[in-house]
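Please go over the structures that come below.
There are two complexes below, and they share chain A, which is joined by chain B in the first and by chain C in the second.
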Partner chain A sequence: MLADSLLFKLFVFPGTVFSFIIVLFLFWWWRKIGASIQSRYGPKHVGPAGTLQTIADVVKLITKESIVPERASRWFWFMPVFSFVLSFLFLSLIPFSDHWVIIDFDASLIMLFAVMAIEPLFIFLVGWVSYNKYGVAGGERAGIQMLAYEVFLALTFVPVIMLSHSWSLVGIVYGQGVSPTWASPVLHTFVDRGVWFGLVQPLALVLSIIAVMMATEKKPFNLPHAEPEVIYGSSTEYGGPFYALQMLSQFLMGFLGAGLITTLYLGGWALPSVPPALGFVLKTLVVGTIIIWLEHSLPAMRVPHLLEVAWRKLVPLAFLNIFITLIIMEVLGWA
Partner chain B sequence: MASFEKIAASPETLVDTMRGLKASGFTFLEFMSAVDYIPKNRVEPGANRIDATYMLWNPAANEQKMVVVPLSRDNPSVPTVMPVWEGANWHEREAHELFGIDIKGHPNPRHLLLAEGWNDTYPLRKDFNVDDVEIDWNVPTSKLAEGNPERVYHFAVQHPGAHGPQGFDLLLNGNTIVDAEARIGYVHRTLEKIGEQRNYYQNILNMERGCIMCGMPYIDVWARAVEELLGVEVPEKAKYLRLIAVELNRLSSHLLWMGPQQGGDFAYMPVMMWAIGDREKVLDLLEALTGGRITFAYIRPGGVRWDIPEGFRDMAEKNLRYLEYRLPMYEEMMFRQPIIKERLTGLGKLTPGEAVGLGVSGPSLRATGVAHDTRKDAHIPIYEDLGFRIVTQTGGDGWARGMVRLGEMKESIRLILDALDRLPPGNSEADLFNRKAMPWMKVPVGETYAVTESCRGRLGIHLVSDGTNKAYRTKIRGPSFSNMYAVEHILKKGSYLYDIPALIGSMDTCPADMDR
Partner chain C sequence: MGLIKPLLYTLRELFKRPITVKYPYEKRDISPRVRNIHTLDRDTCQHCGICARMCPNNVLKMVDGYPTADYRYCSFCGICLDACPTGSIQMIHTQEHNIVRAYQKDLYMELLSPDGTIYNPDAPHSEDNETGGVL
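And then the complex of A and B:
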């Protein structure tokens, strides 16, 4: 069957075609929310309510000339592509349902963590190869920011693993009491088989949202691309199609970050009387909307402030959360 | 007729004279410049010299004194007064490049506004001929770029955080600034030279281009300088209308500062857009009053261009009450916001003594706790009648500067509404001269210095008239010029790359005001 084949998954859903559609939608949605917060209209002329504006913008960017700095490395073109490919690797690990997942194995959470950790390296290299001082400065900031969020992001995974007894993302969703049969429309919440981890792990949920916002460079954590300070960070020299590629990659990462929250804390694809994959997308969009809302209503932080908040406040909180979870599990006998 | 006292000094005694004056209360060096007297001038016919001029201000007694150093036109040279006033640095560089005065002992006698490769022609000299100018574009424009260009960061014109055509060359060690050199002069339009070539009436339009965000104080101070030389008394109603116009402009400028400038530094979009939206209300009022939204040409020698329009009082009440209701929200969103408070607290901290020595004025000076506001100190008409209060803070950092501007906005709203309540009847313009003959209006020989508080600080115009319909010398003291020097000073003390946009923003420097 076509829909079962790996190729379909790779190129249609949840692969290429779907991810382009969701990115085009998200870009429009991001602009519209931003506009309403800033008392503007946002895009409204191309297509109904401006929905086709993103397509118009992408077409415009693709038709533009691509300018390569004279002293840039010959790797100039490849780095943004690698970075984009990496976000597709991320995509292939996120389970849209237990059927609609491209890669799932016993330790997919570790793999996902590794992919998230390697992304800033590529951001740095993107800046490095473009021979731009602000590009390098922005890349360095990406590294600093990674140091800030990685530790407590990993620590927030720990209670989830403890509760679900699984290192696999699909296993973690099962651990939240979701029926393993993908056609089942019923959510077995608050029964002995488990609950959404967001309900028993509120602190970890909040910390994860913060970490995901840091990883996907949402304000107030947009340091690597903070315009007033480092122009456009590592992407300063990139224009035209490669700028479009980076924007696509950025929005896809934003969507997948929200998807990670959904998977770990909000019961994955489970939503009553909704097909599983659609349930996952809807929940992710809700999480994404909250992140976009936060992004548009907060100012950008300073580098030392970010590091201080991450290391002095969030890392101890994540440790505390692990201990609280341990004690509660011991007392209630959940283990 | 001069509104200041002149003291003659020689190059040898200059520094000692300055020290004595500073000790006797003249703590504030407003500007250092020069007046060029060629033999065929009409102010002092036959004089063949350059007067180096140092304008000093005693804030406690509101006295102005000008130290004048007569120099030969062939080889003018004065010692630097930087040991007395650190803030003289850029003023001396400007006099060096525009008048050709050699400043002995200056630490960095490079060009500031002109290109570094500009040959020995001096634009503000009276015998300047533009055909003699030759520029060697190969000379590097900054001292830092000569040494190690690979390590120099250009935080200037094309940088989105630089707030317009101003900026710095930075030598960085990681994120820490080792050395900085300001790059200004990109919008140097020679307003002073144009001021000498146009007649007094045309200069109204010229002067308000001095700062595009805050043009009204410029034409206010220009009109008052000309009136003082003419000996004209302005009708009471015109004084009120001038106050209303200037304060409206101050409101619009401060809103622009709070939104796109300081809010934009943190990419804080809500405040940025909302402040631009609320500024529209002020611009609507300005449009109703003056006919213009950005440049006005409203105030002119003798009064204001036209009387207050019908229904303006109600419109002002409506729009300004709305703004008054919004301001506490801005305070909460902007200055109580934890992230912004963290960024602004301690940012570019200046002590009162440092600020005065650097020539800092305006909200940036009042944020250090020094209660100097020219509106009150120089007894600008009507302000004291309305019970004007000076807003101060004691922090001296970015946060304090923001709070001063916020307080000034509240004070401006109150002043405008009070002034509208008390608006006296009568003419809005002195019935003096034939308006059609205004371009040929001759102003008696004399010299004056008019000051006011623009949105960014102490703005003054030193006007020398030679009895024709054109000024002999117009020196503009733009407040941003000295404030920007303070930014460079703060950066050299040791700052960080990520603090620069917020620092420039919090000093609210205006490139146009700076370069003139």
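And then the complex of A and C:
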């Protein structure tokens, strides 16, 4: 059947077509929420409530000329594409439901972790090949930021694996007591049927949201492309269609980061009386909205400040979370 | 705690109405004392020149018997309104008229008619920016 084939998954849902649509929606949503917080209207002229504004922007960006810096490397064109492809690799690992997942195997969490670790390298290379000091500075900052969040992100994954006995993302969702149609977030059925891990370890949920905001360069942690300091970081020299590509991959990563949180802590696709994949998207959008809200509320940090918070506060908290989870498992007799 | 406060603040702002005024579609009420650019009723003007004499910045000059204004120097004080014995000079009470021009010399212009139109659109302008054009 067509809808079951890998090609359909790759190119329609949850692959290319869906990700383009969700990114266009998310960009619009991001602008609207940001505008509301700042007492503005946001986009409102193109289409109903400005929903087509992002499409208009993409069309405008695609028709613009791409200017290559004189001394840029010949890899100038390819690096943003690689970084975009990487975000699609991330997409292929996220389970929209136990059916709508492109790749799932025994260690997909480790694979996903590896993809997240490689991504800053490509951000750095994007800056490097464009022969721009701001690009290099932004890329270096992306690397520094990666070192900051990767450790405690990995440590917050550990209790999830302990609780679900699985390294696979689908297995982790199953470990939260989720059958394709039903989830039980109620605590008295805790041990029998499982529970969303966000309820067992709220600390890890908070830490993961922080880590995802660092990984996707959201506002308090937007050092790699902080406009007042490093113009647009590694993408400074990229204009026109490549800027559109950068924004696309950035917002896709934002969506997938929220999707990762949904998968690990909020029961994945489980939402009563809603089709699984739709439930996943809705939950992810709620998480994404929370991230957008945080992004528009908090002031940006300095590099040393970021490192200090990450290494001195968040890493010990992640260790503490492991011990708390161990105690909870012992008390509740979690197998 | 210091982290919670901005979050609550922005959450509150999120559900408030925007303060933006969608300008071309809706307009804010302007103060009754707003003074925009002058209008001149040529039917009642007595050519007395009191407005030109009272003008503190020498903005108004009598040309061909009617006052003309050099908007480079006008401070929109409204003294000419008070000085005019017949009330021929008025100031437009809207926010619609702006006096942005491409060249400085174009800021030296005839006063508009009371309905906001130009009396003499073909009036020649001087090339001399310092003294303004002669209408």
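Definition applied: the second predicted complex is superposed on the first by the 322 of 335 C-alpha atoms of A that agree within 3 Å, B and C clash if a C-alpha of one lies under 4 Å from a C-alpha of the other, contacts with A are read in each partner's own complex, and residues count from 1 in each chain.
Keep in mind that, in the parts below, a contact is a pair of C-beta atoms (placed from the backbone, for glycine too) under 8 Å apart; a residue touches a chain by one contact, two chains touch by 3 or more.
Computed from a predicted structure; not experimentally measured.
On the superposed chain A, the two partners chain B and chain C both fit, without a clash.
Of the two partner chains placed around the shared chain by superposition, chain C is the only one that A:W293 touches, whereas chain B remains out of contact. By the touch criterion defined above, A:A56 lies against neither chain B nor chain C after alignment on the C-alpha atoms of chain A. Once the two complexes are overlaid on the shared chain, A:I231 sits against chain B while remaining clear of chain C. By the touch criterion stated above, A:A137 is placed in contact with chain B alone, chain C being left untouched. Once the two structures are overlaid, the count of chain A residues touched is higher for B than for its counterpart among chain B and chain C. With both structures placed on the common chain, the touch criterion links A:Q38 to chain B and to chain C.
In the superposition on chain A, A:M301 contacts chain B only, with no contact to chain C. Looking at the shared chain after the overlay, A:V12 reaches neither chain B nor chain C.
After the two structures are overlaid on chain A, the closest C-alpha atoms of chain B and chain C sit 5 Å apart.
Residues 37-40, 296-299 of chain A lie in contact with chain B in one complex and with chain C in the other.
Interface residues of chain B facing chain A in the complex, by the touch rule stated above, are 153, 159-161, 175, 263-270, 272-274, 277, 337, 339-340, 342-343, 496-502.
Of all the residues in chain A, the ones that touch chain B in their complex are 34, 37-40, 133-134, 137, 219-220, 222, 226-231, 296-303, 305.
Of all residues in chain C, those touching chain A in their complex are 3, 6-7, 9-11, 13-16, 18-20, 22. Every residue of chain A that touches chain C in the complex is listed here, in rising order: 33, 35-41, 44, 293-294, 296-299.
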